[in-house]
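Labels run A, B, C, D, E and F following the written order; every chain starts at residue 1.
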Amino acid sequence: MQKQLADFKLDEKVAVFALLSSLELRTTQQGKPYLVMTFTDRSGDIRGMKWEVTDNDLKDLQVGEVVFVEGVKQSYRDQEQLKVLSIRLTQAGEPSNPADFLQRAPKAQAAMETEVERLVLQITQANWQRIVRYLLKKYHQAFFTFPAAKANHHAFAGGLAYHSLSIVHMAQAVADQYDQVDRRLLYAASLLHDLGKVLELSGPVATHYTRAGNLIGHITLIDEQIVLAAQELKMDIYAEDLLLLRHTVLAHHGLLEYGSPVQPQIKEAEILHQLDQLDASMQAFDQALAQTEPGHFSSRQWALDRRSVYHPEMD
Amino acid sequence: MQKQLADFKLDEKVAVFALLSSLELRTTQQGKPYLVMTFTDRSGDIRGMKWEVTDNDLKDLQVGEVVFVEGVKQSYRDQEQLKVLSIRLTQAGEPSNPADFLQRAPKAQAAMETEVERLVLQITQANWQRIVRYLLKKYHQAFFTFPAAKANHHAFAGGLAYHSLSIVHMAQAVADQYDQVDRRLLYAASLLHDLGKVLELSGPVATHYTRAGNLIGHITLIDEQIVLAAQELKMDIYAEDLLLLRHTVLAHHGLLEYGSPVQPQIKEAEILHQLDQLDASMQAFDQALAQTEPGHFSSRQWALDRRSVYHPEMD
Amino acid sequence: MQKQLADFKLDEKVAVFALLSSLELRTTQQGKPYLVMTFTDRSGDIRGMKWEVTDNDLKDLQVGEVVFVEGVKQSYRDQEQLKVLSIRLTQAGEPSNPADFLQRAPKAQAAMETEVERLVLQITQANWQRIVRYLLKKYHQAFFTFPAAKANHHAFAGGLAYHSLSIVHMAQAVADQYDQVDRRLLYAASLLHDLGKVLELSGPVATHYTRAGNLIGHITLIDEQIVLAAQELKMDIYAEDLLLLRHTVLAHHGLLEYGSPVQPQIKEAEILHQLDQLDASMQAFDQALAQTEPGHFSSRQWALDRRSVYHPEMD
Amino acid sequence: MQKQLADFKLDEKVAVFALLSSLELRTTQQGKPYLVMTFTDRSGDIRGMKWEVTDNDLKDLQVGEVVFVEGVKQSYRDQEQLKVLSIRLTQAGEPSNPADFLQRAPKAQAAMETEVERLVLQITQANWQRIVRYLLKKYHQAFFTFPAAKANHHAFAGGLAYHSLSIVHMAQAVADQYDQVDRRLLYAASLLHDLGKVLELSGPVATHYTRAGNLIGHITLIDEQIVLAAQELKMDIYAEDLLLLRHTVLAHHGLLEYGSPVQPQIKEAEILHQLDQLDASMQAFDQALAQTEPGHFSSRQWALDRRSVYHPEMD
Amino acid sequence: MQKQLADFKLDEKVAVFALLSSLELRTTQQGKPYLVMTFTDRSGDIRGMKWEVTDNDLKDLQVGEVVFVEGVKQSYRDQEQLKVLSIRLTQAGEPSNPADFLQRAPKAQAAMETEVERLVLQITQANWQRIVRYLLKKYHQAFFTFPAAKANHHAFAGGLAYHSLSIVHMAQAVADQYDQVDRRLLYAASLLHDLGKVLELSGPVATHYTRAGNLIGHITLIDEQIVLAAQELKMDIYAEDLLLLRHTVLAHHGLLEYGSPVQPQIKEAEILHQLDQLDASMQAFDQALAQTEPGHFSSRQWALDRRSVYHPEMD
Amino acid sequence: MQKQLADFKLDEKVAVFALLSSLELRTTQQGKPYLVMTFTDRSGDIRGMKWEVTDNDLKDLQVGEVVFVEGVKQSYRDQEQLKVLSIRLTQAGEPSNPADFLQRAPKAQAAMETEVERLVLQITQANWQRIVRYLLKKYHQAFFTFPAAKANHHAFAGGLAYHSLSIVHMAQAVADQYDQVDRRLLYAASLLHDLGKVLELSGPVATHYTRAGNLIGHITLIDEQIVLAAQELKMDIYAEDLLLLRHTVLAHHGLLEYGSPVQPQIKEAEILHQLDQLDASMQAFDQALAQTEPGHFSSRQWALDRRSVYHPEMD
């Protein structure tokens, strides 16, 4: 099988197909142009620098395309980067599907679809189930292919569905432990809580925030969709069941300063919030540990309030 | 003209018609029942205590009704209260319309309606005007009769419309002062920004928060209504004009910790937020000054971050 | 079966055996003495007021004793209280064991002991298992009978063990969901994390903070015990296994401002912290819901950052 | 008319007269000296780099002088800069007045002087008018030529007077809207509130903080001047009129953490504070929008609490 | 010697001369008038309640007068209070000087005057010494008789001078320990730093905040006096010596949020701030310990960020 | 005497023996390797850059060794650095003891030992004296040679003992000023409070945090040692004397958010905390002043909450 970006060693000559997931033309302080790029394949991301810029580079290269790149892997400020010697778009007969180069959720889309289908059946309250069905159908493809974030936690294709299912798995154990927890509401809200990200983010490749994402935010965006769905399905949006579902989704960031317009006022909202936070912490730990040798402490992690993380040595 | 609640002096005998705007049966620590009530007329509110509770009291009295009350005005902990000797519902031929006993906005409803109508014409962007028209028609009566708050600022009948118009008046001066301010957006958002309160609050009499008010909040409630209106009027809810209107309304509390899901990212949103805050401060000052003699400092005001306020002596 | 404190209705005559769990002699502002007491049985707590104080009352009554009390149940400021007419210590042949009047964990002590024993076997790292065994043996009786708090969450006999096991149950689901989580460490730390409370609190009856609890705090108190145990068992306290166990326990309040001297730097510490927080929230919700009718909002809850909680109506 | 700094395109050859408003000799990490400068004319500021430093450069150049500079306009990290090829002081017959190169307030000095004169007449309280007259006379030239800030809002010549008048304009609309606002006090304090900046800042060219500015701050500096003026004019500094004027000026930053030693305790102080804040926000928006294309979001703005700002596309 | 207020036991009959330091007429919730007073002598303060109010009481009594009071000492909510049976103004031949009833600083005024005189001589910088001499002469009597606070720390007659000298004593030890500390500046600023309190507070008896105290604050008030003194003494108020002295005084609260308009930027200002804070803490501990038995913890202390304080048992 | 690092001027040729206290191999963005080092002698630290890396450099150089280095002193971003031309380990007959190159406390070790010995005798409470003796003996060498911090305050050899003694000197003056301060406890805790740093830090050369330092922290580390010592010496660790000593040490950071698990609840703990803070501020001022010319303001200091510091001109 072909070598991937992460397989090359420092100072080794690289020649690979990869997805060009960012591209910027910059100038040195003395006035010389150069290219800063990100290359992506399923082994991860690497930054590339091209110090000699050709006319073809400027004409042909475009974010989101598959390219063939040659260069040398080097280290700069403790991070690997690729000194690019040549780069070109792929030709007929060579790989060209960006999706083949994206990192994927640990679980296959089909398996996640099956699990979601099974979960929906457990949402035995009629209105909640119909809303979930309606919206998961409306945004089916995006739900199973979008990342859950622009960067940081779950920033891989399929991450949105994977994250939502992780929450559900833990929610089951929490519901087992405490009284007066409505599993139907907890599952419905867990599946919908981050679905606004399909409107907030631009998609799985070269992900950025949309205008609606910046100006409205994913929490309000999904609330609006729930209300529109309810209208379409002839439900009373001020009946208790619809209020509880929207409340649980709206409150899932827990604190106003994290962007929720209301704080959790029912148990299901509190559980969803806390598990969402735990899942985010675990992803942040994984990222930090991946860059840290056993027996050492990581650099300070922005996503963990600037904490440094320890990678234990013992098994 | 008949004497009102505020007209009676300390220790004077009181006999008036008034609105019963709160009612609670309590027990002393030794076990004796008594009634705590609030009486309201256009001169203001006063607390009433009835130390001897009759069977009729328990059977007849109901919040929101007009009553005839007799008693003595007294002072307790620096606040006037009414020692109630007798109380009964009004009879045929006596006043019975609660609206006649509510404090009113300084401007008559008809005048405010005229002004709003004139303002809507100045919103010359088609979609914004249509949304404003649609929602002000849908909630016409409530917009012109609801208070703007449960307590504190603008807590009088018609306060919601009055507050919205105050913002517009100052917004005109601000728009005169700065470039690149879209008056159409600023007026549209000023008129709509607090309209969610007609869903958040129960109404002009004995005002309390509704279930939707607590679980969703007035900011999200009006955003949902804008989206439903746009759907009804066949607009694209993700086009820039609709996003800007929703953003301006959503951001009007300024900071996430005050309940806005997004911070102001355009000038109109920043202006609306700051004028809303200024208007709230002015109301809080008015309340504090009304209870403070010239040359003295008020007690600490919760609505002004526990500041004490000074009532100047000089003219 | 005999009626308990919670079984009596308002204005009903009460005659019960109960635990006297607090007792205070106060004077009215006019100078008259009276007694304020708390009575406890398995149905809960109730405040008692005795307005006529006898010499026997002053001579005989003592916190922690079982008494026979007669009076009338009344309501004061929305809370039930008992107007005490007479009170005396119990006599030969009447109930006298305080433990029979304490609220108990939902799980029997024997069942919890069995579960803990089984869990210890799953801590297959030798030093961690030996430390846990040593300390659970040293504080066996207290671990299974102490409450987990002076008030608020898990403030019932056996609450400490019950709380610790709740954490373990959810920790299993979390460990299933994420890679690189050492279950042995997570279980060991979960069992020990609040064990310092057996030194911080005075015991299951009339619980108060000890001098060591106030001056040192339960987090440092259990860390000291781990170090002393390790010394006794001839372990190296600066080896990685001992550092990880202490770190996980020390960091379980998550933030320095909540009393942890270090923030979680390993996944197990982060998980323990978050589940501890979730468990505390769930207890606070349960307390608030128990005092709130379906369809209503609770008063503001100190333990939930002054949030009001909603008790849903729907099933 | 001669081309100005902002008129040149990227990669275009530049030859202009400009004000040298900052100058620094630096060394590359390898030890080679170079010059970093700021050039200013009425079209704005641009950074200049000179990689070959001559003896004349070191001998002749001085901040605050007018220079003739030749070079090429380039882009570095998204910002335009000037690669300087040669630079020299201007000679007889060439422009040499720094004031001709400073950005100016949108309103001419004469017009602002007239307006201020008219406003002073509206301050019909004798002591307030005399204090304002005395201090505006004492610092006349500085008031009309100083910027209102070292950087950020109103950092142009004449900005101080322009900013003060902006506040007054809006204050009129606010005073129209609310009762019990003393316009005389509001205008007097608006004109004086930032006058301490003539002592805090060094002047219109190459503006920096003075020693008094750093150690005392502009709020206390103007308060001291009011007190000295009052002494000179034989007023009682502890009479109410003087206290109110000083209070309004002292409180204009609103919160202690923003440098006001007292919070606003009268309406006029609250209004001045809020309008000062609104004006600062509007300036910050203008700066951000000037650097952002329609349809795009700006970089995060330090002066707006790190908010990103949106530049709408629609007219 | 005559018994003082603190000498009487609970339930003992009291008959003493005392200073009436507060007086308020209140009404019970049922409408009956009563008097709440504070009585002061050198043994401390006690609250008095008079349940039967006579016409003479209302006509004669005035805060700040010496009275003869009879009654019974009682306990209410853990605090001693005096049930007043009769009260009258003192007559010819009886004590009448309020100063004889005030708590005094632990050091006699004469001794403090001598020490201050000696200290002034050590301020060998001419301008600093002249300013200190000028202001201590201007406010001589107030400096040596005012308390240092309305309540809490140093709230006794002479407390202002005593507090200032405490700071100087510790400042000497700090100056011994560190290089580059100018003792002349440190002593001058220590003597002046709280002198603004003679304008902020009303005096030693029935102390309250003045209008200037509330609207301007003692920090700015003393800065103004330094500037006026410098003007009078023909000094340059923008020369370094005057700036350093004002800076040290202005910065002595350390943080903007505590009311200093600038933070300490020189060592002397930092030292003064920290010692001022330490002295305040020590006073707060003394107050808490005085109300707490050895071996017990105090109630939460507002002046110590709501900390509870422990009174050790061991000697 | 031989020239030291600080003695060389800019652009002067350097040839000195020095301690190599840090060493890092980096790569330029274009891929060229270079060395970044820190050289230390008693005159201070300087950063060194070696742009041509030899095989010997990579093979021989090691942090903590004495080297002979030749190069040129230059300035980069306002800081001096050394352009290294050659570097080698020292040979037989040349200096080789790292301790000879470390900055030292202002007081000799022997003098500090004598003073500590004298102080211990003043701790006349038996258990406190025995604990102090035991731990100062156990960690004698480290206590007198470790720095008090990795960077910032007291980061010189012997700094730990020097810092502890500074606290004691000022504590004596504070104890003279206030009643009810137990000097024995204050001295014992002052000597022990930072002793955990001998476990938290790696030592006097190339100081870094240990694993125990990061995971447990120096405050808990010394508390553990006190408990182990008490166990060894057969003391009751829950008796008041041991609790007070541990409390004073544990609380010395003052606030939970600064890492103390409890806040100061006794006077001695409050004094230790405040003097520790004052000492840290003084060190931070010294560092800032050393880099700032008289009459100028320093850059913002991280250790002083980003304050800028002023270096006075006057003597």
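In this text, a contact is a pair of C-beta atoms (placed from the backbone, for glycine too) under 8 Å apart; a residue touches a chain by one contact, two chains touch by 3 or more.
The shown structure was predicted, so the numbers you read here are calculated from the model rather than taken from an experiment.
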item: Option in B-D, C-E or C-F whose residue-number contact pairs overlap A-F by over half; value: C-E
item: Distance-maximising chain from chain C - centres being C-alpha averages; value: D
item: Label of the chain whose CA centroid is most distant from the centroid of chain A; value: E
item: Chain centre separation in whole Å, for chain F relative to chain B (CA means); value: 61
item: Centroid distance [mean C-alpha coordinates] between chain C and chain B, Å; value: 44
item: Residue numbers of chain E (touch at least two other chains); value: 211, 214-215, 240, 244, 247, 265, 297, 308, 310
item: Listing of all chain pairs that touch each other, if any do; value: A-B, A-C, A-D, A-F, B-C, B-D, B-E, C-E, C-F, D-E, D-F, E-F
item: Residues on chain B engaged by chain A in the complex (per definition of touch); value: 199, 211-212, 214-217, 219-220, 223-224, 227-228, 231, 237-238, 240, 243-244, 246-247, 250, 255-262, 265
item: Residues of chain A that touch chain F when the two form their complex; value: 49, 51, 72, 74-77, 83, 295, 297, 308, 310
item: Chain A-touching residues of chain F, taken from the complex the two chains share; value: 26-31, 211, 214-215
item: Complex interface listing, chain A residues touching chain C; value: 166, 169-170, 172-174, 176-180, 182, 240-241, 244, 247, 263-267, 270-271, 274-275, 277-278, 281-282, 285-286, 289, 297, 305, 307-310, 312-314
